[in-house]
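Each structure below appears as structure tokens.
One chain, chain A, appears in both complexes that follow, with chain B as partner in the first and chain C in the second.
For the complex of A and B:
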């Protein structure tokens, strides 16, 4: 088997393992916690008979192992149960919301990289000087921010005080064609920028550290000695090698990004999965909460695997790692 | 190192700690952060002496900061300064308790894994799996099911924070286990518990100190996130709950002070914890130390 294929197969195996782990943890937590779903579906003034019918309907009267098998089987078929409050399949509730979350997280990730890399380069090429210190202070500062705080303040300043941008939702209802796309874009700006700000610190600081290191490597010295222009040495030679730790950061931060999206969508009433979680919390709609976690976990695992595979193809060192 | 190698363990530890401390003291940023953090903890402990518990549905609703209410009042006329001060109690308590628990579990798992290679494959895989999942949605699900008491909140945050601790400590422990002095300790016939306690734990101690700072500040933000989503309980004041109530009542769109001050409290706490860990890391490393 060529190494690329072996790497891909191993990576796929890990993705499947992660998904199995995520769904099993969810199953066990739901069954073993004090407030188990049987208590969640029953109400105190139910008759014993009604309670038993309900438990049977949800399969909660069967042995744990049977329940587990059925649960996995249903998951494999994309069946995440039925929403308590809306009486429709959880999967259809959530899949309608998923594109908004993907749009928000994806655009904020791209924006973070587009801003974070120049910021890191700016700092690394002037180590321990004023500009570098400023980037470091900024990086630590934004890393320490509470996600909703950023959203609330952007909303307050640019939405409510200056009226530059809409304060909530994902689009203007009743608008079609080109205007609809414009409204989607204008609704996206504030949540996207909030999510970018809270991620920016770790990207800029990581890139700064690795770039300072690769600027001290022999090949950079050689490139300088050859008389290459400074910008070419930094952007073409040193940066390329410094990018790998930064791209692994994408994978490490995906979980945090999703958590941030839940909070940001809540602040901006953005109709994604995260806002769905918030609404399900207020209504104690457990199937939606469970489905949202499984769906988000699957998305994270899939994206993680795809980025890893892309880098395995691009960088031969990754394949052997 | 001219004295017996056995003595060096006992004599070197205090001097290394002293060198770190004296380097730490010379960094004004680190010292200021330490003082700020100490102040926050003091406010948390002595909150009742600072200001009385926020209550009284006064007529002064949504008043901007002024002499009588320095942080202003919320939609029910409660003093936000009192809410922030009393919120410090719960926020600090949750951070301290849950990070302590997460550190104990994480260090134990990491050290046992590093010391017993057979267990390490399983532990390493579990830690990796936990870290690759979106934790907040899972915590939301669990909190919604288990209820919002203070104890369950602490347990849940700890339960989802230890893998991060284990990851950091494990990599340090794995490199320490390979060092010659560990073989020497094994050759002297010492028991595993003795070697782990006397040799492995001190080797990972610096990493543990850094993760205490990071885990506890992350716990503050996690607790606030849960509270902001309405999973914080309404019996105690916390910084997240002030934000949640501001969002729920719609006060956040007109009264900036209802969100600014709890947010600032969180920012100050997290920044000082981060700066302390950065300063400590620099002070501990003889190469970055300017002595």
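For the complex of A and C:
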């Protein structure tokens, strides 16, 4: 078997094992939570008998092993089950919310990279000078921010005081066509900037540290000695090597793309998967939670594989190893 | 640099495709008349969980489905049941209830609303037992329902039960048989598209976590000229009441559906452009003492606990004066026909509490009190209760709990004192049977008093209103005197809306408030 195929098979096997582990842990953890879905249904007239009927309808009166077997069997057939509370397939519940989450977290990640990398380069190319100090203070400052705090501050300033941007949601109901796209963008600005701000520091500071190191390497000295333009030395030679830890950071953040914006989505009433998870927790909607966590685990596994591939592209040593 | 262009293009295309996937199509218009083109936007803190009105889950579910699926009865400002879809209701004999329904209401697809729809809905609930259906709990004595004519519904009972007609009439939304029946069990039908409505508005678009848009339906007999005044009603979802208030101040919404927290009422009353409307509550905040735990099974101990709390302080500090006493009676004062003014609130007297404990031979009393951390009013009240009871020598161990833990402990009776509230107690007879009969769904005090049970069961059985009132008054006195339940207050509710709107009618409780279908069918813009 060629090494590449062996590598792929090994990684795939590990991915399947990870998914099984994550789905099993989720299955068990949910059943360890206090209460049960029948109790979470808030109806003052539900007798013990009525709640037992409900547990039977949900299949929760069966032995744990039977429930687990059915769950795994469904999962193997690509079936995430039916939501207890909404009576619709979990896949449709998640798919309805996924685009909004991808839009929010994807655009914030791109924005973070677009701002964070130049900021890191700016600091690294002027080490220990005023600009570098400013970037460091800024980086540490934004790293210590808490998303809800940033969100509420931005809402207060740009929503309530200046009336520049809307308070919450993903778009204004009742607008269509081009106006709808404008509405989507205006609603995206504040949650996207909030997420970007709290992630920005780690990108700028990580890149600054590794780029300063790269700029002191022999190959950079040689490139300078050859008379290459400073920008080419920095952006083409030093930055490429310095990007490896940042790539890991991107990989880690990508892993949270699907469910990592729970707080942001909650503060801004953004209709994504994170807010869906929050609501499913309060309702103890096991199938939705199980489906959401499988989706999360699958995203992390997939992104880890992609990060490995990106390493190969960025660093020839990884390719030949 | 060559590689960056395609990556940027791919990212841009992916982003555009993601957004485009969510782009809504303009709804088809023409469902209603041409009176007005106004849109009323209402803020809510919960998503619609299920569009099937027979599977109740969240307050927003109720608000939206109420606009499409009529109830047989509604309630007036004094808590009396009044006709809505039903023109007349009552009992033709002790085991047969009836509704005579209107003949001028239609579903939006042109089908008339008939007695068959009503009978189908009752029978489907009985057969399929949908999750969380409030009406099912009130149907324990219902055998079935029939429709002898297109406007007459009969409910057949296994034994006399005077609560069925009023409770089924008030709590049950009637669904269209021709839409629901072909979809099988009502417990599993999500009803998440192609809605039909016999209310003033019909759902045309639903984006989970974002907004729900309803459009006018006519004819609707409770609107001027049979045509609801609004073209659209939009519900927008916000994470909490504070975001809703920001949105109202910002002009993003016209009305907040949820009642305001006490601390926000005065501030909004003095905010330009915003009106605050008071509506009576229909429930109460109470403490239930676990009668299965010693020494709470002793009357003197319960009396000592009841006299150890300054309820007036709770109402004035925590509720900021936005609550009224019930006289420690389980009948909220809004139900004027049922209230017994002779019942007086347990007076705050720590010395009396100490004497009662001494008489009971109890010292160093230590009790656990559970409450939900999701309820800020309960959380603050609990602190006052703890401090007050300490003055009477009683140690209260506060156990604020996450909602599901609280519900689990409540269900298993794992507490000495339960602190919580009931949102809607619209019918004293029904509510007392749920709260004080052994095995009752919300009998959190685990009360088991044969004399009290006898009174409640007699009240259930009689259709003579005067006799029923007498029995219920005796039962309420028994609950009061035996401290089977310690009802602390009924909270008045406050709702905020933009002063650009007028014409709301106010009904008790957060369920109806300003959002009752008849209210929203008549509301209009000022000027």
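Here are a few things to note about the model shown:
Methods note: the second predicted complex is superposed on the first by the 246 of 321 C-alpha atoms of A that agree within 3 Å, B and C clash if a C-alpha of one lies under 4 Å from a C-alpha of the other, contacts with A are read in each partner's own complex, and residues count from 1 in each chain.
FYI, a residue touches a chain if its C-beta (ideal position, glycine included) is under 8 Å from a C-beta of that chain, and two chains touch if they have at least 3 such contacts.
These figures come from a predicted structure and were not determined experimentally.
Look at A:282: by the touch rule set out above, it reaches both chain B and chain C. Contact with chain B, but none with chain C, is seen for A:293 once the two complexes are overlaid on the shared chain. Contacts of A:100 after superposition: chain C is touched, whereas chain B is not reached. By the touch criterion stated above, A:164 is placed in contact with neither chain B nor chain C.
When the two structures are aligned on the shared chain, A:219 is found in touch with neither chain B nor chain C. Using the contact criterion defined above for the overlaid structures, shared-chain residue A:174 touches chain C, although it does not reach chain B. In the superposition on chain A, A:271 contacts chain C only, with no contact to chain B. In the superposition on chain A, the residues of chain A touched by chain B in one structure and by chain C in the other are 33-36, 40, 155-156, 160, 167, 266-267, 282, 284.
Those residues of chain A that touch chain B in the complex are listed here as 17-18, 21-22, 25-26, 29-30, 33-37, 40, 140-141, 143-149, 152-153, 155-156, 160, 167, 251-252, 254-255, 258-259, 262-263, 266-267, 277-278, 281-282, 284, 286, 289-290, 292-293, 296-297, 300-301, 304.
Note for the complex: chain B touches chain A at residues 125, 129, 131-138, 140-142, 144-147, 217, 221, 224-225, 228-231, 243, 247, 252-254, 256, 259-260, 263, 266-267, 270-271, 274-275, 278. Contact residues on chain A toward chain C in their complex (touch as defined above): 33-36, 38-48, 50-51, 53-54, 57, 84-88, 93, 96-97, 99-100, 102-103, 106-107, 110, 155-156, 159-160, 163, 166-171, 173-174, 176, 180-181, 184, 266-272, 275-276, 279, 282-284. The touching residues of chain C, when paired with chain A in their complex, are 11, 14-15, 18-19, 21-26, 39, 41, 46-47, 49-50, 52, 55-57, 129, 131-138, 187-190, 192, 205, 207-211, 213, 232, 234, 236-239, 243, 246-247, 249-250, 252, 402-405, 407-409, 411, 422-424, 434, 439-442.
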